[in-house]
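In C-alpha cells below, several structures.
In the two complexes that follow, subunit A is the common piece, with subunit B as its partner first and subunit C second.
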Partner chain A sequence: MIRRLAPRYLGLLVVIGGLALLPLWVSNPYVLSVLTLAALYAIFASSWDILSGYIGQLNFGHAVFFGAGAYAAGFLGPHLPALLVLPAGAVAAVGFAFLVGVPCLKLRGPYLSLTTLVFPLILERLAFTFRDVTGGEYGITVDPPLSAMGLYLAALALLLATLMVLLAVAESRIGSTFRAIGDDDQAAMAAGVNATRFKLGAFVLGAALAGLGGVLYAYHLRHVGPEIFSLFTSFAIVIMGIVGGMGTILGPALGAFFLTLLGESLREIETFRVLIYSAVLILCVMLFPQGLWGLGRLLSGLARKSGMLGRARIRSR
Partner chain B sequence: MITEILIFGTIWGAIYTILALGFTLIFGVVRILNLAYGAIYMVASYLIYSLVSDFGLAMIPAWLLAVALTCLVGMALYRIFIVPLRESLGRVLIVTAGIAIFLQEVAVLTYSTEPRYVPTALPGSLAIWGVRVTHQQLLTLGVAVVLLALLHALLTRTRLGRELRAVAQDTEMAALMGIPVERTYLFAIAISTALAAAAGALIAPFLTVSPEMGWSPLLVAFTIVVLGGLGSLWGTILAAFIVAYAEMFTAYAISPQLREAVTFGIMILTLVVRPHGLFGKGIVE
Partner chain C sequence: MTGQGVKPMTAALAVETVTKSFRGLTALSGVSFEVARGEILGVIGPNGAGKTTLFNVVTGFTRPDNGRVELAGEAITGLPPHVIVGRGLARTFQIPRPFKSLTVAEAVAVARASKVGTVIRALGQDHGDMVERVLRLVRLWERRDEGAGTLSQGDLKLLEVARAIATNPALLLLDEPYAGLGPAEMTHLTRVILDLHRAGLTLVVIEHKLRELMKLAQHVVVLHFGEKIADGSPAEVARDPRVLQAYMGGRGASSHA
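Right after this comes the complex of A and B.
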C-alpha cells in the first residue's frame, strides 16, 4: 500500500510545499487569500469524495458539515483557546454526520442526493429564524486567531493532512470495501460486509475533515452566516468534485483549485461566474464523466503509448 | 386562524397536487429524477411575466403560450441532455442539477435578482368565513381541479394514458407489446413540464417571481412523493394536502420562515419512520 501511495504522497508534498513557499516570491495579499480559499475548497471537495466518489452516494449537502465547523468557530471562538476550536468544529460536524447519515442509510442513489440536499436548507431556515443565537442573516463575526499568512499555511497543512489520510483510507481495504459497496451493495452485504456501518463511517470521516476545514473557512471569511448553507454552496462542492474527477481524492482537490482560480480570473465578469460553473459542469458530465483527473490520465496514457519514454519504462518492468 | 389554515391549505394543496403529479410522472414513466423540474416552473413564471408586462398580452393567451413554450423547452432539454445519459441515474441527476442552476442564472442575468410581480387575471376578492380570499386564488383552485380531472381522464380513458401506465409498470413488456417507448417518454416529459408550467403560471400572480423560486416546489414535490408513496395517485393527493396544511399551520401558528423547514422535516421523518410512504411502493429499495 505504501509503495502504491509513495508517488502520490511525494507529488503532494512537492506541490503543497511549493504552494507554502510561494509567499517568498509573491507577497500580494490578494493572491494569498484566493489560494487560501482554494485550499479550503479542496479540503471540502476531497472530503466529499470519500462518500460520493467511492461509495457512489452523491451527497448534495456537504455544506452541513463544513457549515457546522464554521458555526462552531463562531459560537466557541470567543470562549475556547484556538487550538480547541478545531477539534470542536470536527465534533460538531460528526454530530451532524450521524444526524444526516442515519436517515439516509436506507436510501440509494438519487433519493439520497435529494434528501441530503434538504439538510442544509433546514439549517439555513433555522439560522434565519433563531436570530438571538445565530445572528440571523447577519451571522456571527469571527475573530481569527491567525494572521492571513498563518491561515494560508494552516489551510495548506490541513489540506495535506486531509489528502494523505483520505488517500491512505482509499487505498486500504476500507477503500476497496467502499468501492465494492458502491458497485453493488447487495453483493457486498452477501459477502458479509456491514454496508450500513461502512456508509456511516464514510459520512463521519468526510464530515470530520470538512468540519476542521469549516473552522478555518470561518477564520478566512472572518464571519459565518446562513449563506454557508445555501444551495449553491453545496452545489459548488459537487461541481468541483465532478469536474475534478470523482473517486480519486486528488481529482476533486484539483477541481477545487481549477474552479476557484477560474472563478477569480473571471472577476471582471463576476456576474457570469455561476453560469460558467454550471456550463462547465454540464459539459463535463456530457463529455468527460471522469473529470479533469481522468482526462489527465487519458492524455498521459496516450503520450506514454506513443512516446519513447513510455516504451523504455514498459521494457524496464 | 384556523379558517385561514383551512382555506389557504386547500388552495396550496391543489397546487402541490399538480406539482407532485408532474414530478412523479417523469419519475414513474421515464425513471429519472429531474432536478430541473423546479427550474421549468420558474421559466414558466418568467414567461408569463414577460408576455404580460413586456408584450402586453392578455392573461389567458399569455398563460397558454407560456405553458406551450415551456413544454417545448422541456422537450428540447430532454432530447439534448437526458437521452444520451439516460443509462446512468447519477449523471442524469447531476446534469439536471446543472441545467437548473444554468436556467436560474439565465433568469438572474435577464431579469436581475429583483422579484417581479405578475398582475392578477381576476382582480378583487371576497370574504369566506371572515378570511379575505382573492378571486385569483379561487381561480387557481378551480383551474387546478379542472387540470386534475383532465389528467385523470387522460391517464384512464385514452390510448396514450394506457401506454403511459404500461411503460410505468414494465418498460420491457410494454416495448414487446409494440408500444413506442421512446415516444411515450417524450409525452411523459411534455405532460410533466406542462404541469410544472401550469403550476408556475397559477402561482405567479400571488407570489413574486424570482430566479431561485424553483427549488422550493421541487423539494416540496419530492417530499410529497416520499410521503404519498411512489405510483399511488391517491397517496400523492393525500400527501399534497397533508404537506399544504402542515405548511399553513406552521406559517400562521408559528413562523412563516419555518414553513419550508417543516416540509423538509416531514420528508426526513417519513424516511426514518415510514420509508415506504403512506401508500405505494416507496422509494426505499
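Right after this comes the complex of A and C.
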C-alpha cells in the first residue's frame, strides 16, 4: 500500500509545499486569500468524496459538517485556546454525522441524497430562530488567532493532512470495502460486511475532517452566519467533486482549486460571471465525465502507453 | 471436530415451515427440511419454484412471513445478512454480483472471514495469505489484478464462489453455480466443491444441470410452486411421480391448479 501511495504522497508534498512557498514571491494579500479559500474548499470536497465518491451515496448536505465546525469556532473561539477549538469543531461535526447518518443509513440512492439535502436547510432555519445564541442573519464575528499568512499555511497543512489520511484510507482494505458497498451493498453484505457500519464510518471520517476545515473557514471569513448552510454552499462542494473526479480523493481537491480560481478570475467581468462559470461546468462534465483527475490519468496513461513504459493498470483512478 | 460432540443430532441447517409471499403471490409455502452436517443437499425445481427465495430467506436477505431458520441449532431468522455470514453461512448469487470497481484480489479481500468455518482450515497454511489460497483454489490467481467486472461469465461464477468461501463458511449455499460454465470449468468447479466438502464443508446447491447435481448430492429437495414436493436420495426423488409431473410440465396435482 505504501508503495502504491508513495508517488501521490510525493506529488502532494511537492505541490502543497510549492503553494506554501508561494508567498516568498507573491505578496498580494488578495491572492493569498483566494488560495486559502481554495485550500479550505479542497478540504471540504475531498472529505465529501469518501462517502459520496467511494460508497456512492451522493451527500448534498456536507455543509452541515463544516458549518458545525465554523459555528463551533464562533461559539467557542472567545472561550477556548485556538488549539482546542479545532478538535471541538471536529467533535461538533462528528456529532452531526451521527445525527444525519443514523436516520439516513437505511436509505439508498436518491432517498439518501434528498434527506441529506434537508439537514442544512433545517440548520439554516434554526440559526435564524435561535438568534440570541447564533446572532440570526448577522451571525457571529470570529476573531482569528492567526495572521492571514498563518491561516494560509494552516489551511495548506490541514489540506495536506486531510488528503494523506483520506488516501491512506481509500487505498486500504477499508477503501475497497467502501467501493464494494458502492458497487453492490447486498453483495458486500453477502461477503460478511456490515455495510451500515462502514457507511456511518465514512460519514464520521468525512465529517471530522470537514469540521476541522470549518473552523479555519470561520477564521478566514472572520465570521460565521446561516448562509454557510445555504443550498448553494452544499451544491458548490458537490460540483467541485464531480468536476474534479469522484472516488479519487485528489480529484475533488483539484476541482475545488480549479473552480475557486475560475470563479475569482471571472470577478472582473461580473456581468457574464455566472454565464461563463456555468458554461465551463457544462463543458467539463460533458468532455471529462471522469473529472479532471480522470482526464489527467487518461493523458498520463496515453503517454505511458506511447512510451511503452510500465504496466497498464486496470483501475481508472 | 471441536464442540460438535455436544449435540450430535443437530442439523447444520433446519428450515421449519417457512412461508413467504410477495403481494399475494406465494413464493414459499410451509417449506421444511433439514441439512445434515457434512452432506451436500441439492435443491431442484422448475423456474419460479421458490428456490432463490428460499436462499434469500435462509441468508437473511428476505424476511419470511412465517417459519424459522436454524443454523447449527441456533435461530437465525431475521438476522441481518452479514451477521449470518459471521455465523458461518455463506452464499453465492445466481447472477454474479461482482464488485466492478475492484480488482479480483481486492474483491475477495473484502470478504470478512467467520471464526466458525471449515474452509480456512481446509485450505491449509502452506503458502500465501487467505486471498491467494482462495484464488488459487478457483484458478483465478493469474487474474488477480484484473478488474472484477471485466471477467468472462464463467470466471465471474468462480469469483462468486471465491468470495463466498473467503468468508470461511461451515455451510455454503450455491445458487446455480454451473450456469454459464464451460465443460472444463464445470469439472473443475465440481472438484473444488468436493475438496471443500471432504474437508468438512456442508453444502446446499441449487442447480438446473441435474447431471452435475447428481454427481454431488446425497440428498435432494424438490420445490414446486413454493411447496416441497419431494425430499430424499437422488434415486428416490427421480422416481417420485410428483417430481416427474412437475418436470413434465403442467401444474398437475399441486396447488394453484
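The working rule: the second predicted complex is superposed on the first by the 288 of 317 C-alpha atoms of A that agree within 3 Å, B and C clash if a C-alpha of one lies under 4 Å from a C-alpha of the other, contacts with A are read in each partner's own complex, and residues count from 1 in each chain.
The criterion applied here is as follows: a contact is a pair of C-beta atoms (placed from the backbone, for glycine too) under 8 Å apart; a residue touches a chain by one contact, two chains touch by 3 or more.
Fair warning: this is a prediction, and the values are worked out from it, not measured in the lab.
Looking at the shared chain after the overlay, A:P110 reaches subunit B, while subunit C stays out of its contact range. Set against each other, subunit B and subunit C differ in how many residues of subunit A they touch, and the higher count belongs to B. Once the two complexes are overlaid on the shared chain, A:G247 sits against subunit C while remaining clear of subunit B.
In the superposition on chain A, contact is made by A:V274 with subunit B only, not with subunit C. After overlaying the two complexes on the shared chain, residue contacts for A:V14 are found with neither subunit B nor subunit C. Once chain A of one complex is fitted onto chain A of the other, the partner contacts of A:P289 are limited to subunit B, with no touch recorded for subunit C.
In the superposition on chain A, A:A188 makes contact with subunit C only, while subunit B stays out of contact range. Residue contacts after overlaying the shared chain place A:R179 against subunit C, while subunit B stays out of touching range.
Every residue of subunit A that touches subunit B in the complex is listed here, in rising order: 56, 58, 60, 102-104, 106-111, 113-115, 117-119, 121-122, 125-126, 128-129, 231-232, 235, 238-239, 242, 271-272, 274-275, 277-279, 281-282, 285-286, 289. If you check the complex, the residues on subunit A that touch subunit C are 173, 176-177, 179-180, 182-184, 186-195, 247, 313-315. Residues 59, 61, 80-82, 85-86, 90-93, 97-103, 106-107, 109-114, 145-147, 150, 163-164, 166-167 of subunit C touch subunit A in their complex.
Of all the residues in subunit B, the ones that touch subunit A in their complex are 33, 35, 81, 84-85, 89-91, 93-95, 97-99, 101-102, 104-106, 108-109, 212, 215, 219, 222, 255, 257-258, 260-261, 264-265, 267-268, 271-272, 275, 283-285.
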